[in-house]
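What follows is a pair of complexes built around chain A, which joins chain B in one and chain C in the other.
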Partner chain A sequence: MTTRALEAARNGAAAAPAAGLARLKRRAGRWALRGLAGLVFFFIFIPVIFVLWISLFQQQIVSFPPEGYTLRWYENAFARSEFRHGFGLSLQVAFIAMVIGVTSGAAGAYAIVRFRFPGREAFNNLLLGPLVVPGIVAGTSLYVYYIMVENLLDVDFRGTLHGLVLGHILLTIPWTVRLVSASLVGLDRAVEEAAMNLGAGPWTTFRRITLPMMRPGLVAASLFSFIQSFENLELTLLLVGPGRTTLPVAMLNYLEFRIDPTIAAVASVQIVLIGALMLITDRFVKLSRIV
Partner chain B sequence: MSELILDRLRKEYGSFVAVDDVSLRVEEGELVALLGPSGCGKTTTLRMIAGFIEPTAGRITIGGRDVTWEPPYRRDTGMVFQSYALFPHMTVAQNVAFGLEMRKVPRAEAETRVRQALDLVRLGHLAERLPRQLSGGQQQRVALARALVVNPGVFLLDEPLSNLDAKLRLEVRVEIRELQKRLGLTTVFVTHDQEEALTLADRLVVMDHGVVQQVGTPEELYESPANLFVAGFIGRSNVLRGRLAERGRFISKGGLALAVPADGMAPGEAALALRPERIVVAPGASDGGVVGRVALVTYLGAATEYRVTLDGGETITASVPTPRPGDPLKQVAAGDAVTLTWPAESCRLLAPGPGATPDEGGL
Partner chain C sequence: MATATAIGARPGGQRAEGFSLGPFLLVPASLLVVAFLAAPLLVLFRYSFNRYSPREFMVDAFTLENYARFFTDAYFIGVLATTVQVAAVCTLVSLLFAYPLAYLMARTESRWKSALVIAVVFPLMVGNVVRAAGWMAVLGNEGIVNHLMLSIGLISRPVRLMYTPFAVYVGIIAVVLPYMILTLQSVIEGIGREVEEAAANLGAGPMTTFRRVLLPLSLPGVIAGGTLVFILCMNAYATPVLLGGPQFKMMAPALYDQFTRTTNWPFGAALAFILMTSTLLLTIVGTTVLSRRMHHRKLEAAPR
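What follows is the complex of A and B.
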């Protein structure tokens, strides 16, 4: 073989594997991406899966493998009044906070998106503020603030329903402002003009046209506000009073003295409830399009 | 239907004058197009008529009623928006019924009228659809039906064809014109497309920088543009700059002496506008015409365009019916000498000033 033929052969041999290698690399890259995505999902869902699993364990002290399965922790959870009352109070607080928070937050978002006024940016940041303040700090501040107000007005705030609701409204407003602003920004103003052109006054236009078009944003805001309030622990810790604890606080109190799967059962109920809420909401408004 | 009168309508934004004392009278049943480049104030004018923008000064009268300070919902105008602006959460029928509902029309009557309006735009079968389930052309027709069903005093159209593809645009254009004629609608139509305006409107209002440049029928505007802007914006014009030496004789900057109509203009600096299709092109250099060299031949099917550089350095574009095979003109290519002739009456003398096209030498 001449050197030239040898070289040609070598080049040819090198070229074919090079093309194959590139394809292999692309395929490997795709699989790596899928693998990574799967890993992340697994990582996110593993605590949820474990909570659901552990809530069915037979033994009182959680250890692996399970000795058997039982529903008695659920029985126990429902039998204990602090969980029943906590659940009821949490629902109540979350619902009221959601209604008030979404209404006022949506009004604020409307003002921010639609009007140009001095201090608009500051107003926007103020409404988003509660997101940056750690719950414990906010709770402590509220506690101190409530004492001051109580002294001043002679009305109880600490450990009362309205005190709790007021605190939780703070949690719901930033979410509402974000989500509702987003839905308003994408709204074509010509649609409102068309309504006015057809004879609708400002209020009718708002009620019949603007509000329905804001609906996806409002639904999403309501859902997230509800969840924020329902699950909150840090801020709530300082606002509950004797005989008036929310579910997360009741769970924490229980954990101080016992570690048995009852807590997992309570958490499971909570997870299922919120999951169901999200699924139902998604039937009416595609959440993935808003959030 | 009612007559619409704009009386020295003006809109200022700070020191910027968006609409500069526009006066206009739209007769009952007339279709007037507001035409001009973007930012010329045509949309601002339309939005002032609809009541979405408050004028700085001036008066708007619809059917004898002064509505200058009335809110949009008390003006009795029917507007079709560029984006159609259908109510996304209502069906087609609900969209169309909205205006009747606002006017408290009894339900039975409203239903009949909605059906009639939808039949008018041939959408009766889609009454229960949501807007997002319709094509662009169908959405457009819903918007038309919604604006028409209330029998507005004035019908307003804001670039209603700009979101449609070319073929559909032509169809809807004809449709709008037929509807407008049939219903005798007093209509103001905003567009930046001169072809659209020429084919649709009874009269055109050409605007630039907030100022009305000329008002007239399509023919008046095309044949007798009032200034260089209109000459360049409505159709195309060759523009030669120079001076009017005496009545009937124009000397261009390139030294060309041309016979022009001896009309009103006094001798002095002037511009000459000449439509490309009024020029006859003959091969070879000969007396009795303007001689130049072909710079570019553009075949356009029915017509062929010759861009000709004159000896003085000026360029003129001529558009002639495409020569048939055997015609000596067929052989003419870039670099060849040609002679251009045109009737003197085709030249239009205008005051010198800024034109509509930056490249005005060759159009």
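What follows is the complex of A and C.
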């Protein structure tokens, strides 16, 4: 503060008032920039804030100001089977898709980063491919494909757990390949060589050195894979069946008719779950360094 | 554990001679993507040349009539035009809004920086449906915006904000802003602070520094963020359905309707490929125009 005042005084003494005006202008500009940035920040948070807020409203029809606050809509949300089952199914699908997607994706990323072979770049593009295809297109193509396969093989795919999981693995593979590749590229190979020189076998080196060094990438990949699957709507829309609906699809069906504190309570549960997952993961891996 | 042995056996990884099992680690993931993305897309592509018949549902054929129908039907041309318009406007607006925040986040030395980054990622992670629900509470007739405007006497009866194009714009911009912010931030971080200081020392004001130094240098980020956001906007589904209502049609909901309401698979399949092709073409055009401009700037600047 004092140095700034000193500097200002020195400059003020030396230069004409015009310089002071320019300085004032610059300072105003800086505050305008900060103000705008703050507004943008607030803007992206508006929907989250309002969902959390109205889930606590006393009255059933959303209007402002609230007549009071209550937690009963959470009870009400839990009592509705489509949300309870949807939540359970989404957890199940996201967990299984995460395990399969992260395992196979990490193995693929390892091969791409560590080995040189023809078609390496093409494989990399193939595994990142699901990011490029719009969710709704991937979903409809899986829908017609499942019907075709069902007719050929007499096995159910639509509205089944395995049908959903196989689709959702597509969401998890590209994230895993990206995050694990990034963590592998930054890995110092000298440490592995040192372990080998000290007599560690290849498998020991992999298990004791390489795998622990890959951990941040694997943890981040698991988090993002789980979330991508859990909140997915577009790819899932046509793959769910009667009585087997994921949470986002159940929410969409409800929201097409009304917005009320019950659906806000469901959405709040999802917000809290995802927030908690991100915070817990951040304790192990610095998320800000990954995204 | 045979594969694991193979992994460790080549710590150098560069050995060209001999046969290595390493690349076989790609097999599971590649098979999954081929079987559940590539193959379904091929089937859908094939279906787009079939013929639709209300009685027999889908007839095997090899016709271009589905594509021809799209380009001769004013309704669907309108849907595509709306989609492109929404995507273009949302991309531009989010670019304008994201830049200041991205700049401050890139330049701050605050210890809250990582918290700020996570805070930007968070809304992106909670999902589009949840965020659409939030906007419904904000923009509805009984929503907070109408409530505030009524209580300060700006309006005498609620203004319709929900189920309007405006609501869709607001919703989509909020969805894509985090992507734009994060892309721009990482690129601006890569631009040395000393470049800006040099410009300032040479007498450039903040606006000139931005226009002549920062913006041209961050153009790769603008292109990358713009492309990503444009693609996301073109494919938006949940936001237009929930905030735009049934009257407001964009490509993704229109495509979905063909499979659920009208069950015209061949035409729906054609819509899918028209959506993907037009997105790809528009992104290529946008990227080349912008990078050519960047190139021109460089040539102009060189002799000076």
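Note that the second predicted complex is superposed on the first by the 268 of 291 C-alpha atoms of A that agree within 3 Å, B and C clash if a C-alpha of one lies under 4 Å from a C-alpha of the other, contacts with A are read in each partner's own complex, and residues count from 1 in each chain.
The rule is simple: contacts are C-beta pairs under 8 Å (C-beta built on N, C-alpha and C of every residue); 3 or more make two chains touch, one makes a residue touch a chain.
Remember, it's a predicted structure, so these values are computed and weren't measured experimentally.
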Do chain B and chain C fit side by side on chain A after the overlay, or clash?
fit
Please work out whether A:Gly201 is in contact with chain B alone, chain C alone, both, or neither, and reply first, second, both or neither.
both
Going by the contact rule set out at the top, does A:Pro47 touch chain B (first), chain C (second), both, or neither?
second
Check whether A:Leu21 is in contact with chain B, with chain C, with both or with neither, and answer first, second, both or neither.
neither
Scan A:Pro212 for contacts with chain B and chain C and give back first, second, both or neither.
first
What's your read, chain B or chain C touching more residues of chain A?
C
Kindly classify A:Glu193 by the partners it touches after superposition: chain B alone (first), chain C alone (second), both, or neither?
both
Contacts for A:Ala276 in the overlay, against chain B (first) and chain C (second): which applies, first, second, both or neither?
neither
Overlay on A puts the nearest Cα atoms of chain B and chain C apart, in Å, by 7
Considering each complex separately, which residues of chain A are in contact with chain B in the first and with chain C in the second?
193, 196, 201
Which stretch or stretches of chain B touch chain A in the complex?
50-52, 71-75, 77-79, 81-83, 85-89, 98-99, 102-103, 146-147, 150
Could you list, by residue number, the parts of chain C that touch chain A in their complex?
1, 4-5, 7-14, 16, 20, 22-26, 28-30, 32-34, 36-41, 43-44, 47, 97-98, 100-101, 103-104, 113-115, 117-123, 125-138, 140, 142-144, 147-148, 174, 177-178, 181-182, 205-206, 231, 234-235, 237-238, 241-242, 252, 255-256, 259-260, 265, 268-269, 272, 275-276, 279
Contact set on chain A toward chain C in their complex
22, 26, 29, 33-34, 36-37, 40-41, 43-51, 54, 61-65, 100, 103-105, 107-108, 110-112, 114-117, 120, 123, 126-127, 129-130, 133-138, 140-145, 148, 166-167, 169-170, 173, 177, 189, 192-193, 196, 201-203, 205-206, 210, 227, 230-231, 233-234, 237-238, 248, 251-252, 255-256, 259, 263-264, 267, 270-271, 274-275, 278, 282, 286-289, 291
Could you list, by residue number, the parts of chain A that touch chain B in their complex?
188, 190-191, 193-201, 204, 208-209, 212-213, 215
